[in-house]
């Protein structure tokens, strides 16, 4: 694929400029703090705060998950780069309302190191910080090594649920529990057909043959479990969902997905893959779960977790029990995901 | 650009399959009617109905605009093709609750002819039909020939406003008035950097040199006012917004946009253009309107009106007075656009 | 063997031949539309002609006019798009005008093409010179009116020539209707996609009776 | 002229030379990361080194350890990413260990590289053989401990050789950390991007004192 014509200015300033734009997109609900953090304008005193973050370039996440009944703030890194510790610290100070801050972000070496240093800085200022890592990509490590898994589009339902829970959470311990449960119940698989490109270099993040797709590829183009021949929506969808189902089965920390379970399903585009394709795959996914007696409680479809103009799709499944369902059903509003009311809300 | 690897099945069945998927995405709120129409499950008796529609392949519009406080139904055509009259008629019958049906769709020859024949069929069944055409693309004809303009991303604020108005509209006349006003106050300009491709042929919809962009191009790749050299976000944004401002000025049917006016701003991706780019352009647009004393009442950013994996961006401006603002501020929920509450809602 | 007149079964076979030719020409028609429009004209016509084949082979062809009308209905309800309405109207309006006729001769051809052309102009509002399929259909209809006294093969040959010449003439026109209109001057040099379809349809009718 | 020891101004100049070399190597470093990771390593290092240049030229270099620590702080707070934390730690931990020293000689180099390596391993948890920059930094640190009695130019030459050899050895390793780990066997044959950076940094230090 040739170098993309991107509508940007200085290629080295895209992260700063896009976060400026993001502030405008929120039109008064959030503000810029410190070097490059996005923080809600109204966080109630005593609220247990929720901080997300990570590299830029994956819009609408991560900073697009700040919002009503969602995260209180985000520490924004440069393109595909974890935010430096000072940005994490600045965001932490800004969201802290005296009852501690939960860090909830994708499990990448860079993010872990930088958030950890940020947490050390925050602890020096007597801010209570707890960290839960999002590690939903079943293709990035076996179930016995979940601590090595990458965080991909499963972060959307996880942050949605934890954001809702954080509104009334009595303390950091309780919120941490919800977050750990949401992470445990969330599993994702992605594929990619073609790469996105890095704005600063114009270069694609990986190469792949014209008739192949990368199964299990990560959202930065990290290799997955292997390349397979390009196939159809109806062949690929069950193949990917099987991997999710099998992962629930094989993992001793969690029950297998079974008849009668309720799930939230995310069908995500990695960038240039069209909503048309997502819908065609969703149609097949619905069949797949129907035939297993698994109930799709809610579904979100769209480009939520992207890698520039990369093509590809990922499925994420979160099993929701009554507690998680209650949090899922709350309304929320943000750049990344907005939900007016529950499934059977009062407006017709 | 080489042929895209698309996740589809039979290339000639994509429209049917994507609408099936769309029904699943709505998870119980809409159903399929007739050949290929999407209709809400709960339309109150006596409601003045709102019907939208057009060719598929531009997802999340047009069928993605069916929803709470939005359209009651959509007549869905094949990829880039207006729905045939029988589909329009089936949709009309299904949304009609005895108080008439407003057709609100983009001004394309094919759509006009097919919806007109559908309306003739509906009138034979004593269903009262009124039509308002969306024609917001200022690059497709001069202000003196607005009836020749294409409908592009301005349809999102227009359908949002008219959908809200339709909830309490006393009759078809009143709803038609709101729709005409919303159309009159909405203007858009688009550009494209590279084409999307037609699923059935795999061919790009147009060709363009590597260092050029098409100014004023339509959402099917229709030529605009000319090709200009590829430029930066900060150069192109004011250039495009100037065209919108000038159009308001030159059009005798409407007042010029002036200091103190409130607008709703849509920053739309035509497909593969990233949210990152949209946000960088939004940042510049905010400056532009700020310096003119024009107030951005609300802003929507994202891939709303697309042409497969086409790259490009469009700006749409709707001037909102107190009446239109009231309708804009109502919550809404659909695949294309969801709004939890007004800008200063009760949830923090 | 040249045919002086067609019965309803022959008209059906002629339309089946037309359907096959259009389906065969899909890439050409799509490419023509890609130059000036959105590139889907061939796809749409193919979809329509597949529906025509299904429709015409599922029913007994008892009336010549109805064979054409069924052709139009099948196109209109399967294609959508500008061409679904336009080409659907060609056959619905043309067929309606000769409903009940006993045989398809040069006289019926003239009635057919003139009604078709009037129907299309009313439906879509295009005038000759707007660079649409009207620029092929109208010369065909005019020529048909001049050759009503000729044997069907000769008449159809003259009509097909007129349709072809009209399509060629569309190259020099500046598009003012539909998706191509904003191309303006740039549209010059390329034939209208719908006009290409008309030329193929009429040429196939000519070959069928020749 | 070979330098037996460096004062704080010279250490600053050496780090400015390192910054220029890394900035120059941006395409090479990005390409290495593109093979195994996400292709941004050169960009990140360039960003960090630009911050280093700004920081080091804006302050008087009064303490050798602080020059290194400022280098680390500038990198850590401007780069982000894995390498911001890792390379920031190299210079912060290394610099802290020799804070207050009067001159940078082979002995200080040994203290610097060993503290840097320990700091990185503690921060990131990588072990030698994981195909990270540790595979270049650790051999460099080990060699530095062996050559403390040599003149600085000779010591740095030996340390640079060790870093280079470590980088080369990383080609044969299977990635188990970071973005490249799922490549598994496929990662064999390509050098780790961070190890390339270490090799360039140490080689530039060698050239500066030579």
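Here are a few things to note about the model shown:
Note that the chains take the letters A, B, C and D in the order they are written out, and that residue 1 is the start of every chain.
The criterion applied here is as follows: a contact is a pair of C-beta atoms (placed from the backbone, for glycine too) under 8 Å apart; a residue touches a chain by one contact, two chains touch by 3 or more.
The structure displayed is predicted, hence computed values, not measured ones.
Both chain A and chain B are touched by no common chain. Listed by label, the chains that touch chain A and also chain D number zero. Seen from the Cα centre of chain B, the chain whose own Cα centre is farthest off is D. A straight line joining the Cα centres of chain B and chain C is 33 Å long. Separation between the centroids of chain B and chain D, computed from CA atoms only, is 54 Å. In whole angstrom, the spacing between the mean C-alpha positions of chain C and chain D is 75. Contact of a single residue of chain A with at least two other chains is seen at no position. Because contacts link the chains only in sequence, without closing, their graph is best described as a line.
Every pair of chains in contact is given here: A-B, A-D, B-C.
Across the interface of their complex, chain A is touched by residues 27, 30, 34, 37-40, 42-44, 47, 76-86, 123-124, 177-183, 186 of chain D.
Here chain B touches chain C in the complex through residues 12, 55, 77-87, 108-110, 113-114, 117, 139-141, 148, 198, 200-201, 203, 205-206, 216, 218, 220-225, going by the rule given at the top. Here chain A touches chain B in the complex through residues 1-2, 4-9, 14, 17-22, 24-25, 27-28, 40, 42-44, 56-57, 59-60, 64, 68-69, 193-194, 199, 210, 213, 230, 232-234, 236, 271-283, 285-286, 296, 298-299, 301-303, 306, 308-309, 311, 313, 331-333, 335, 338-341, 343, 345, 347-348, going by the rule given at the top.
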